[in-house]
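Letters are used for the chains, namely A, B, C and D, taken in the order the chains are written, and counting of residues starts over at 1 for each.
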């Protein structure tokens, strides 16, 4: 209103997602496909839309091309605004050159001009790596009611995973009394979700201080938050109880997708009051052929299925041939699977094709690994694949075998 | 194609589709799982490079205006700088009780046509299932120096030719040699479509020279009556084409989409068919689902059996329910053990447990929107 | 303010503004050099943080729909995800010959209100010249736990109080203690405005509980008749305010804009007034121009003399022409030597050489759109 | 249509405009205000809109902040599209760092990914530095009719200026027979306007060749065009006859603005069929006070004038006090000029204020220089300024004098 926006979001979307291997070779982690038609970043963007936040700066860095074209003018999220909307904020090149952001706090600091332009009262910091549904307007209300300088959304995590997170302690009013980034021996299991609301003035003050400290890694969790706590800022914890997932590995990406096939999954994509928006594919409804058999699965627009789909997810535009069996697998957009194929416990990335009578499944049933086929792979007829397929484009003679 | 304005006309009465048009105009009738009829002609225009499309509204247009929104799904900005999407509302000073032909609609929007930048108009009805490339038509029109060029169709058994009641003779160069009235309907194998192109100046002349008495239509009273003084040409239409003017044709063309080659032809060549995105998750199949030979849109939840049918978005089919040879419009609830055969089920209908709705192929059962049975 | 929907209501007959509303509804009447009346209430809503505004149309709404476009000038996307701008068209099944109160308009859009996400509605007329901050009103409404809270105005000589014919008594806490009918108009110094806030549930109740016979309005038949069973409160309106319901008030509030302090109050506090941008170059003054004490919009070309007047966009004033104490709507041509005094000149009017149009302060000369004189 | 766009524009908007001195200290040249309400880039962007080109990549580099916020989501130019529209293309930072584009051809080459995504048949190269109205669809038609590989828009320039341009010669069919970038002794006066249409395939081929030449400065005029001519490509010249201006210096910026005040200026901003679009200021109409006197001037929305304006241009939101005289001057947006001031032959940049009774004019009438006041300057009461005012923000005691 008036001269400024009440709350502007800064969405950190530069994550490499190294442990996701070949799936993040050509795209940042927030651009990873998820849930039958979405990309991971759709969840945080839809949270913004559904929470009434209409100004989002997206900080990109690692492999931003797919992300850029996915975000476009922001219209799927109703973020095609005249004032505000989505702004892509890649690292900036000055005459003398440019470099990547040092840490999360540096990324925001480097874009202070962007924030100043809106002069918000509050800044919401979120990460495009996480899958969850959260009403940030409730978080903001909590922040205001506590008269806080900074509010951190927190969630209880399993004790054994606690050392992967920023762990904090609070008193009975919710005020944070302790904060440790990735402690070796966590004192409790209350973890920061990496979702912060700052008073803009306070944030500026501490980002400047942090930049002046040449020893700092300029990271919110490692540097800025501990500094603020030491300076006796009013920091509060906002407890969150819903589904929240940081899919760090191929296994957890597979599991989080497959979990959606439960009858009442923890993450409910079908809630009318909290839709998840994404880019439209403009494809017709999906078609199941006369001999198709589909059970415990999710199928998207533009798919054509003649075979059998069991406990699997098909993204838009997938074709599955006659007498093919797809089981416990995630098939991403526009994959073409021929006839007589067997796919089991695999992730086949976008735009790949699998020739007739191929087998993509573990030979032994002992290992728990997921087979991953990289995007744009071309798998010839009669191939047998039982390990991760990393070639971008390959043409083997028919009957070739990859180990 | 920048100097061609696409005009989507209202050329028939809504009530030809009975229950399907009870609460909406024909342009916004649901079709093909997640489209509205207007999507096909509008996408054809956009895919042909037309950058300004004008859509007439007349009655019951709320769902149409809502569907078109800002036009962004077709990449046409509503009310943009002399291009994009224009919605042409009727003149409310006139009585609207009955549809009296499209001339008054054109006439009350003459200012709009005069002001617009494009030099030519491509006028098409809103009840066409098609994916046409109009560039060849416009090229042919220019080369032949025609006053008006129609698309026509040859040997198409699904076209209802009685509409025209004219005997059509087309010369080798495409010129329409004869368009004589014929009392008993048309025995010609060639049928003109209500898709034609002409200069904007000619359109304005035709409309303004007709006696404006609030009735009459452009095609019969403007063009055909003057056909002796006009150079009329015809150009063959390629690709799948359905003109929907009866519930039987609606069903026929819907079920044709279960044919993979027709689907491929209609939905991908020469461009995609765009529609309003409803932001729905994929359709979910439970353990007991049995679905074959069917087309399903997003956001459905399937536990029952579906055969040779079309399901629009957000329908729930419970365990033991059985749907066969039917079309289910959006947001229906089909309860346990219900049986549906040869039916068109309206939007938001609830079918209770073990209820049977059985039509016949030649006598479909059509259930109105929001019925609870 | 996210849970408040702004509703811009049609609460009076268009014809109160005579020639000014001949071809447009009151919401889209030109005002203040480059605005339409609706801009003021709509900008007030947007500046107050309202993210969903619904605008009723009734008759002659073509220019209004065109003006609102996709809503982007107000940063409201038309038909966006449960927010932005919604245009609510009347139900065309009903007769539209005469304005019969706003209840039927609300009633025929009940689905829309039920579906929308917001919990409260702020309803306002479309004929207000203002720049109001509704946040205080909504805060007060919440704190006082009122059923309905009105804005009211104290000691405002320009407000036409006869509209209400009610004797208003407001308690110290803001509660409306009495709202008795008074045959002779109102002698109270406090006047309620047609701007009020209530819960959506209450609105739905009021509308549905009224006997729907196609006539009647929300304010009199829905609220005032039930005022004994409702907790009604009133909150004072701050800042400049004009309610335009006669040509004399239109002129009076227009000319008030020549007062710098009123202009400053109206156009910058608490936010800007947004309108559709016409993409025009600055106004150009030639060597012979003599302009004093006047407000001029863009794209004009001035060679003549203008005094104490308001010129809308794209008007051309030739050498020796003289305009005094007048309002000139867009796209007029004022030829050499023409004299205009105490007049309102409609859109697109041509005044020929040496023509004189002289009204009086108490009897303005009003020239209809597109007249050639 | 179909899979690609017919023609995509690449708009070079990274120009520093060094000879414009303090006016381009904080913004790129295309962002310079012009013509009473526009910025220079509005002309090329409006040309795109009016020519039916709906996909424009804007290559930014030098001081892009004001440009970025001016372009926003592209809606003033109807370029807020789902497919296409405006895309800002700053230099890109990879993990190892980033640097500025080497030359104009390098700038386009570095954004080949952007172009590939639309796979256009033709690429239009234009510069955001130039002021002109041109229908690019006519240029494209000419290009197609000549079956050309490359078409260059050309204009006759005064002989004495010819050595500042790329000068070419053509035969009677329009085919280019010679091309010299900034020749010392020009053979004729037919100059390239820096407006090119390439067949995309041909452009790719030659940009790759040019990149492989390590000695190349990767510039269209200096390297790519001569190379193509040498390779016997079909290059044609499209003659342009309208107004075209590259305002290189403060003097030429002033003159080009002042030229608009003629009764029938060469550049007509009032043509209905070719509107120039820009960002709306949302200001009310301008107001001339009871004693105002305005002659041979252009006044924009939001101005309030109590004094005398003679042969000058007022941008939006300017205030001019009582008994003040503004003559032969350009007053940019939101400047506040007090009472009793005299301003003559000056450019006062955005958001400056001039105190009461100050004088901004040459003492001698001999020199022809323009006085330039930098944006955000604060000039105290009773100041006398007769040289270029370069301080960003200064508060002098009342009566101070700057030389």
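One rule holds for everything that comes next: contacts are C-beta pairs under 8 Å (C-beta built on N, C-alpha and C of every residue); 3 or more make two chains touch, one makes a residue touch a chain.
Everything numeric in this text was worked out from a predicted model, so none of it was measured.
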For this session: Decide which interface, C-D or A-C, involves more C-beta pairs in contact, and give its chain pair.
Result: C-D
Exercise. Looking at CA centres, what chain is most distant from chain C?
Worked result: A
For this session: Express in whole angstrom the distance between the two chain centres, defined as the mean CA positions of chain B and chain D.
Result: 47
Problem set entry | Interchain centroid distance [CA atoms averaged], chain A/chain B, Å | 40
For this session: Among the residues of chain C, pick out those that touch two or more other chains and give their numbers.
Result: 72-73, 77, 81, 279
Exercise. Touching two or more other chains, which residues of chain A qualify?
Worked result: 75, 80-82, 275, 277
Exercise. Quick one: in the complex, what on chain B touches chain A?
Worked result: 32-34, 72-73, 257-258, 260, 263, 267, 272-275, 277, 279-299, 301, 310-311
For this session: Give every residue of chain C touching chain B within the complex, in rising order.
Result: 59-62, 65-66, 69-70, 77-79, 81, 87, 89, 92, 96, 279
Exercise. Which residues of chain C touch chain A in the complex?
Worked result: 2, 47-49, 51, 72-73, 75, 77, 80-81, 83-84, 117, 270-271
Exercise. Where on chain A is chain C touching in the complex?
Worked result: 1-2, 6, 49, 52, 54, 78, 80-84, 137, 273, 275, 277
For this session: Going by the contact rule at the top, pick out the chain A residues touching chain D in the complex.
Result: 61-62, 65, 69, 72-75, 80-82, 85, 88, 90-93, 95, 97-100, 113, 117
